[in-house]
Amino acid sequence: MKTFTNVKDLGNLKAAVSEAFVVKQHRYDYKYLGENRTLLMVFFNSSLRTRLSTQKAGMNLGMNTIVLDINQGAWKLETERGVIMDGDKTEHLLEAIPVMGCYADIIAVRSFARFENKEFDYSETILNQFIQYSEKPVISMEAATGHPLQAFADLITIEEYKKTQRPKVVLTWAPHPKALPQAVPNSFADFMNEADVNFVITHPEGYELDEKFIRGAHVEYDQDKALQGADFVYAKNWAAYTDPNYGKVLRKDMSWTISKKKMALTNNAFFMHCLPVRRNMIVTDDVIESPQSIVIPEAANREISAQVVLKRILEAL
Amino acid sequence: MKTFTNVKDLGNLKAAVSEAFVVKQHRYDYKYLGENRTLLMVFFNSSLRTRLSTQKAGMNLGMNTIVLDINQGAWKLETERGVIMDGDKTEHLLEAIPVMGCYADIIAVRSFARFENKEFDYSETILNQFIQYSEKPVISMEAATGHPLQAFADLITIEEYKKTQRPKVVLTWAPHPKALPQAVPNSFADFMNEADVNFVITHPEGYELDEKFIRGAHVEYDQDKALQGADFVYAKNWAAYTDPNYGKVLRKDMSWTISKKKMALTNNAFFMHCLPVRRNMIVTDDVIESPQSIVIPEAANREISAQVVLKRILEAL
Amino acid sequence: MKTFTNVKDLGNLKAAVSEAFVVKQHRYDYKYLGENRTLLMVFFNSSLRTRLSTQKAGMNLGMNTIVLDINQGAWKLETERGVIMDGDKTEHLLEAIPVMGCYADIIAVRSFARFENKEFDYSETILNQFIQYSEKPVISMEAATGHPLQAFADLITIEEYKKTQRPKVVLTWAPHPKALPQAVPNSFADFMNEADVNFVITHPEGYELDEKFIRGAHVEYDQDKALQGADFVYAKNWAAYTDPNYGKVLRKDMSWTISKKKMALTNNAFFMHCLPVRRNMIVTDDVIESPQSIVIPEAANREISAQVVLKRILEAL
């Protein structure tokens, strides 16, 4: 394993989940793998869970870990080739990336969609430059179009909590004051489409996601109908993907907020969210604080998904 | 030991000081305690000594250490429940805290008084949320009303430098251009009241501290009189505590600045300050640079106080 | 070895380069040296290569490493003595430095020239305060007038790539939109003057460097003439040093930019630059991307130069 950017990098998904359960029980048993190995975590954007869980996973494996916040303490980076660099950007990614590669055995990168240019975002320009120029294995810690460490943790959590062989998992759009990338719903769909679940997506018209990730999954525009019989409700906001509205917030009203009333439609479903979550926009206080809310164990599994990915990359070095 | 927020958490104070002297001589002898243990240091405010000394203490004990600056690189946090989160705060402490708890064995927190709401500050709202929701041992790295790692280091330093069995220790207010919390004087009083010293507090009228920490200690409003015969002069500024002036600066004139003339009133006292210190406001250059100034050994003992606390928590895990 | 601020600290330079080649092949063989030792890296300015390579070097040697960004998360520091500190600076370097020394075995410092006061810069006021007051070995990670870790890495790189016993090495000024310190060209000259190379400096009139570093090296004001027969072209911008223009940008036109046409004048020279580099100001895209560009291996050697220096200091502790 040399990169981790989507579900296919994990190969057999059942085997990956099984490995996650082993790692979770024996997280300090693989420290020999990381000896004299350095994990460099590069952040172009804010992070709490990803920062802590990925660093913890690297440390669990005995790695040296270095955290680099590009916008704090490093140089501002130019990302386009051919530019006369006479402005505020001091360094070009085409130098910065191979330089980072010099000092790392594995590079983990966070770089969100910027919503300035759909083609730039959806061709994963930044992440792919890291893959192409660093000469080192690269892990997405949420890129422009995907957040696979989150989706893998989500799947592990669903496997832990499911009460039926093939649970109904509903990904529902929910309102939010600002435009958010589609990375989390994209990767969640990417994983659920390969998992043994009954997967339904619900969102208002205009919020359709990229077919590359949806791959024909059932989309139900009536949220109430979608929630009926759900075993897991996975709430998330995203901005519009389809042209000409790419990156726009089309609505913010709270009729799609996950409330007790919405949850009553389900099969006593578990509530999931990748966090950070806007309370009383995405979900009401009472739902996220209810016993059916599993957002914290879900976050805890971020350490496990990261550790499985790092472990596999270390094993292949 | 599961939390460290005040002097009582240390139990027998003489035993704690004795342990500190042992740790200081053998700081790398306890690395087995911290193996596979993670110390998460969470900062809502700036830090130099606390940041370095606590991280060093964790490393001395063989721990993995992670530093998180909430206002740099993480998400802005909402602290009040029930809010519709449609503003600039992306995440609620009620999620962020248990999430941090997932990835840490011990959480150390710095969160200063904000001077917006006395009740919010003096009920230690932030620190107590960490204690209540993280499910992990919590250490105060200076909270709204106390800075016990500093006060413990101060006591260790006094024990090292004292020339009599029961020295006279004077806590004196001194001027400063901005409003500062009462955390340091509160904890210093909290510790001195339990230590074998003759403790005197001096400050201008209007700067009275919370009786919870003062507990009837002798307050002398005449600074010159208080300084007479002092073996240790502990200078510190704080803003007013008593209503209706909570958080206000009542005076800034330099008649309370610790100068050579003031020190001449003492029993050749040692000068102490928790640092950072405003020179020529709190204390003159010549006093802080004099041989009687022990601010640097005092700072060095921050590593020791932190290590004793971490060691005890690790032993109890 | 107790400080590293210039070429003389390395003693015999051939021996230092030989040691670098050994360290490069056996970088994890010296971990016993750093056990229970702490490297504190203090940044007053931005950093990418220096930050990563020095931390990596410390980790290679088994050290605990702590990174402190003074302007993020720490207190703003006063640097002048005698000031009444009633402004925005919370702490004085005269306290902060010995405090840092308490928690570190080696301190590495980055503090650029400020171009406010030539005497302040060229007396290395900040770096020398660290050397004087920290009581610990101090390494320059680029100070006001020198960047010796870079120059040492440059020399290692030249020794690796040279095809003749005594190559011609040309340091050439190149244009840049903003005023940059002379630290890199100063140290490069400092090292080249002691190395077995034919060293030539070329720059427009008015960009003369401090004779302390140049020490009579050949200066050729005609860039084309200087480049003839060069085996290595080392490009770098710097602001004027000589009075009354200290810190000023005298010209920005691109007639001094290193282009294919300029490189054609050389003996198929290797292109070097310390990075970060402004593309199409200092050097054209096609030159920096050509097979003769060795900027990435040069950056990789920053880990090695730092490790040799740290290793020697640890051996002397």
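A few remarks follow.
So that you can tell them apart, the chains are marked A, B and C in the order they are listed, and the count of residues begins at 1 in each.
Going forward, contacts are C-beta pairs under 8 Å (C-beta built on N, C-alpha and C of every residue); 3 or more make two chains touch, one makes a residue touch a chain.
Just so we're on the same page, UniProt names per chain: A, B, C = N-succinylornithine carbamoyltransferase.
Note that the structure is a prediction, hence the values are computed from the model and not measured.
Summary of the copy comparison: rotating chain B onto chain C for the best CA superposition needs 120 degrees, to the nearest 5.
Copies chain A and chain B of the same chain sequence form an interface built mainly from non-equivalent positions, shared numbers / all numbers used being under half.
Per-chain Cα centroids separate chain A from chain B by 39 Å.
Multi-chain contact residues of chain B (touching two or more other chains) are listed as 72. Looking at the complex, you find that chain A touches chain C at residues 36, 38, 40, 64, 66, 68, 72-75, 78, 81-87, 90-92, 94-96, 98-100, 102-104. Here chain B touches chain C in the complex through residues 28, 43, 46-49, 51-53, 55-56, 59-60, 69, 72, 177, 252, 275-281, 285, 288-289, 295-296, 299-300, 303, going by the rule given at the top.
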